[in-house]
Amino acid sequence: MDFQNICAELEKLYEKHRHNLEGNLADYIPELSKVRPDLFSISMYFVDGREFHLGDSTHKFTLQSVSKPFAYGLALNLKGEDYVHSKVGVEPSGEAFNSIIELEKNTHKPFNPMINSGAIAISNMILNESLLKNFFEKLSNSHLSINHDVYNSELTTAHRNRAILNLLRHFEIVDHNMDQGIDLYFKQCSIEVTTKELAIMGAVLANRGIHPITKENLLEKHYSKILSLMFTCGMYDTAGSFAYKVGLPAKSGVSGSILAIKPNEFSICAFSPLINSHGHSIRAMNLIEELSLKLKLSIFS
Amino acid sequence: MDFQNICAELEKLYEKHRHNLEGNLADYIPELSKVRPDLFSISMYFVDGREFHLGDSTHKFTLQSVSKPFAYGLALNLKGEDYVHSKVGVEPSGEAFNSIIELEKNTHKPFNPMINSGAIAISNMILNESLLKNFFEKLSNSHLSINHDVYNSELTTAHRNRAILNLLRHFEIVDHNMDQGIDLYFKQCSIEVTTKELAIMGAVLANRGIHPITKENLLEKHYSKILSLMFTCGMYDTAGSFAYKVGLPAKSGVSGSILAIKPNEFSICAFSPLINSHGHSIRAMNLIEELSLKLKLSIFS
Amino acid sequence: MDFQNICAELEKLYEKHRHNLEGNLADYIPELSKVRPDLFSISMYFVDGREFHLGDSTHKFTLQSVSKPFAYGLALNLKGEDYVHSKVGVEPSGEAFNSIIELEKNTHKPFNPMINSGAIAISNMILNESLLKNFFEKLSNSHLSINHDVYNSELTTAHRNRAILNLLRHFEIVDHNMDQGIDLYFKQCSIEVTTKELAIMGAVLANRGIHPITKENLLEKHYSKILSLMFTCGMYDTAGSFAYKVGLPAKSGVSGSILAIKPNEFSICAFSPLINSHGHSIRAMNLIEELSLKLKLSIFS
Amino acid sequence: MDFQNICAELEKLYEKHRHNLEGNLADYIPELSKVRPDLFSISMYFVDGREFHLGDSTHKFTLQSVSKPFAYGLALNLKGEDYVHSKVGVEPSGEAFNSIIELEKNTHKPFNPMINSGAIAISNMILNESLLKNFFEKLSNSHLSINHDVYNSELTTAHRNRAILNLLRHFEIVDHNMDQGIDLYFKQCSIEVTTKELAIMGAVLANRGIHPITKENLLEKHYSKILSLMFTCGMYDTAGSFAYKVGLPAKSGVSGSILAIKPNEFSICAFSPLINSHGHSIRAMNLIEELSLKLKLSIFS
């Protein structure tokens, strides 16, 4: 993969989509709808340390669901695969990002750790804010903060997530201090990053779990499982379609970012807060899709 | 990937699972339950032409659902991606192999071409028995026959598949001579192959759509899309779990075969007619899973 | 209940709704959309023989789903309650008139005889056109004909009903000559009546199964069960709402008629071909609802 | 209806079922499983003041879901039909007593006030413990207490009900102090009565909303709507079957009581704590069913 070539292609695509203001700001929590709609940035980070950034790549946004693969990785580190998957499955759910509670019919487990119910179960395995924040800081190799306005907004309005938590408690997927677990989940979603920082986090997954800068082994045992889950379940009810068209493991968040991984090569993170009805950033999605088609980035190409 | 190493590993695993007679013969059509339950074979075919076979690798069995990715490829060749996906989606359905009719809620399309409803829609795009058989013969590089006992058994008992067909007709996914389409579907499922032949068919997918023996370009434009769909949807309601554990695009059929692809390297086909409740051959599944773990075959490893 | 009073009230309501042309002609089969949209009639028949008619009460329309309670009664006469309910349940399904196939999860039986799947199972218990037609003629005390244009229209377009039939065959709810059963179902739906004739059919149910004119015992053993099912399941997914507001056992058909029964007193049949999204005639529904409210006709009043 | 005849019949049925110890004690909250399993009683109360009791008719049990029609009546009195039904529907849900959260697809309203989600919405309209308790005391014409062991048991274990509450809050069916509403719901379920007292409560519904003893008008405007809902929705996912076989409006509770109403004549309340998988008391159900068949009590007979 030629670095110059990719950068040139990205510049073209960035220009092409720059003025597209289709889509809507997320409004399920009030704070998310206060963002400047024209923000747009891209960051790539290669496993060999090269990086490339365009647009508002130092603008801070909250991680939202893009936090899920990393929290899942932390839970795997802490508890091991067997324990984690006794509580959460690995099957695509066909669930929309804003779907009501759906649990596997026979097991009553959440379908996978990439949807809200699974991610809430994962938070209940971690239950330690500084542990989580510290892990995310190691991944991004920078100091991170929680956006307390977003966090408070989540706390007071996220009745659906509380419904999920109570149902998980009912089915004994979650078995202890519930307030602490959901609190951590809201905090995890409210951690702020730039595309630059998120691209570095993604580069750990691209680099087989080893941090490309610090060389610390953060996800070595589990990176391939996380990538597999991102591929089959990372884009909610359009996971199949993204896998089909783009062919890269990815995760999107309603605040407007999409992180995609080209294993052994690079991560790419695009951000633009205007989302479609599936909760995916329209410009981020289009840009990554067109880049993949043009440069044949699919893992199956 | 060291050829000797793989062969040695396969021999060990073959021995290990040889006497495992867990599971049941498929009984949804009478003919399938008449098979010798202890049959067991493995065939690998490498893109460079090397091959390796163990056990009953010249025993003929009917393709059943393993025919789906190839029929899908033929439909793509004939009709193009846009047309095919105007009728059939690309999302995992979470559907069991014996599930009742489920169509996407808004579009009323089958979820994907790897489940029965999608495969029946695909058959209705081909509608030409000799075209289909000829294509499968090119893929396997051998002469193939339809098992007429199995075909007749399907014809007289497959009320669920007829229900699917009528529903597809209702939603205008299928719009013409219905009897011809379902007839072709049953014939496609009843084509007989050995693991040796099926491994060669799979090697076309492993070799970027170019036949490794004849060098004919059979699926070049579409191989990466087919592999992507096999990865996310090939193993029915355990597709996520297979992707997670094994990490290879695969397809299973109720007659007892599983075909998995290591892109750019090889295909592996295992056969044993004793299946689990998800319709997957138990020995074929275990063998491929353990081989992948041992040799780190996952596409994300 | 004062006859004069009811008639006076009906005249007022008929005038009130006469010019309401809200709603749409049924279009799921082409023939149904060719009807004059302004047709509107009401017929009441009392168990003591008095009758009252307004509007186009000699206009012929096809029975469609209003045939279901009577075909169900015939099946009970022929096969007995135990047999019939070994194949079809008695629970409301929450199903819309145009819903896809839904069968009870554990038993795979149709939910009840008032929805299409249940009615098709019932037709497969009768399997004799002259028997059915003869029974309906006895109920209406008149000569009846099948509208062959509607029947043929059903035959060539009703793919959903054929899907249902195949699924019933798959689950062994239906176990023999399938074409004959669905054919009879389409014929039963295509029998033509006037509101006058349909009101007489309903009066048999109001009169405890004894024909009010011929005194023949047509449904004596089963009338109370049929009324109970009409109350809980007769109006598809608005059955609960109709029971709540109107409080009478009733059945509607997409051709535009609604038949309601005041047990031991009278039947009332209203017809107007303009239907709402639930498949109920808007004027027929409004008129019966307002009459019931005004005269406190609810069985619980 | 001959009083002597009914009493004689009841005595026979009571003897017949006396020693039937089929079924299980409810165990979803620990307190309910501590009851003597052989308890069995019947109470009838006629609108003219006659009464009849057999067995442990002075044993106190908690109302559980039998409280729902009465709380619904109070909400109708307080808020009016329009308001109540802007928040809760009137359609049967096909839901089991222990089902997960299901809300109407388009409106996101609970299906009806007889299932948990609807009843919790109703509690949130009342929000006043003394008002509720006072109303239930007027209905039963006696002093009632809350069983605090059961109430506390509900409080600490009812995660599913809390999940429902949060989901109702999400869909804005419930819009204020949530803890107060669920607290009231648990208290309402924990009110203790004897069959004697519950039969009197039921007699208010049988007597058109007028208390047969105090002559107070407690439910006059709404009794017919409550009876209609009990008929279509009172017995959860066997409501259709109970309506079909027994033909009386009824409500059951998992603590073991079933209350059925013969409009204008009497109420009958049976109690036995051994329940079936649908949550209905087996002996209470059998006894009422057989009595209805024998004496043709169905409202449609």
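As written, the chains take the letters A, B, C and D, and residue 1 is the first residue of each chain.
Keep this in mind: a residue touches a chain if its C-beta (ideal position, glycine included) is under 8 Å from a C-beta of that chain, and two chains touch if they have at least 3 such contacts.
This one's a predicted model, so the numbers in the text were calculated from it and none came from an experiment.
Chemist: What whole-Å value do you get for the distance between chain A and chain C if each is reduced to the mean of its CA atoms?
Modeler: 54
Chemist: Once you find the CA centre of chain A and the CA centre of chain B, what distance in Å lies between them?
Modeler: Distance between chain centres: 32 Å.
Chemist: Mind pulling the residue numbers of chain D that touch at least two other chains?
Modeler: If we look for residues of chain D contacting two or more partner chains, we find none.
Chemist: Once you draw an edge for every pair of touching chains, what topology comes out, line, ring, star, complete or other?
Modeler: Graph shape, chains as nodes and touching pairs as edges: a ring.
Chemist: All pairs of touching chains?
Modeler: Between chains, contact exists in these pairs: A-B, A-D, B-C, C-D.
Chemist: Under the touch definition given earlier, write down the residues of chain A that touch chain D in their complex.
Modeler: 100-101, 103, 159-160, 162-167, 169-170
Chemist: Given the complex with chain A, which residues does chain B contribute to the contact?
Modeler: Of all residues in chain B, those touching chain A are 89-94, 111-112, 223-225, 227-229, 231-233, 237-241, 243-244, 247, 249, 263, 298-301.
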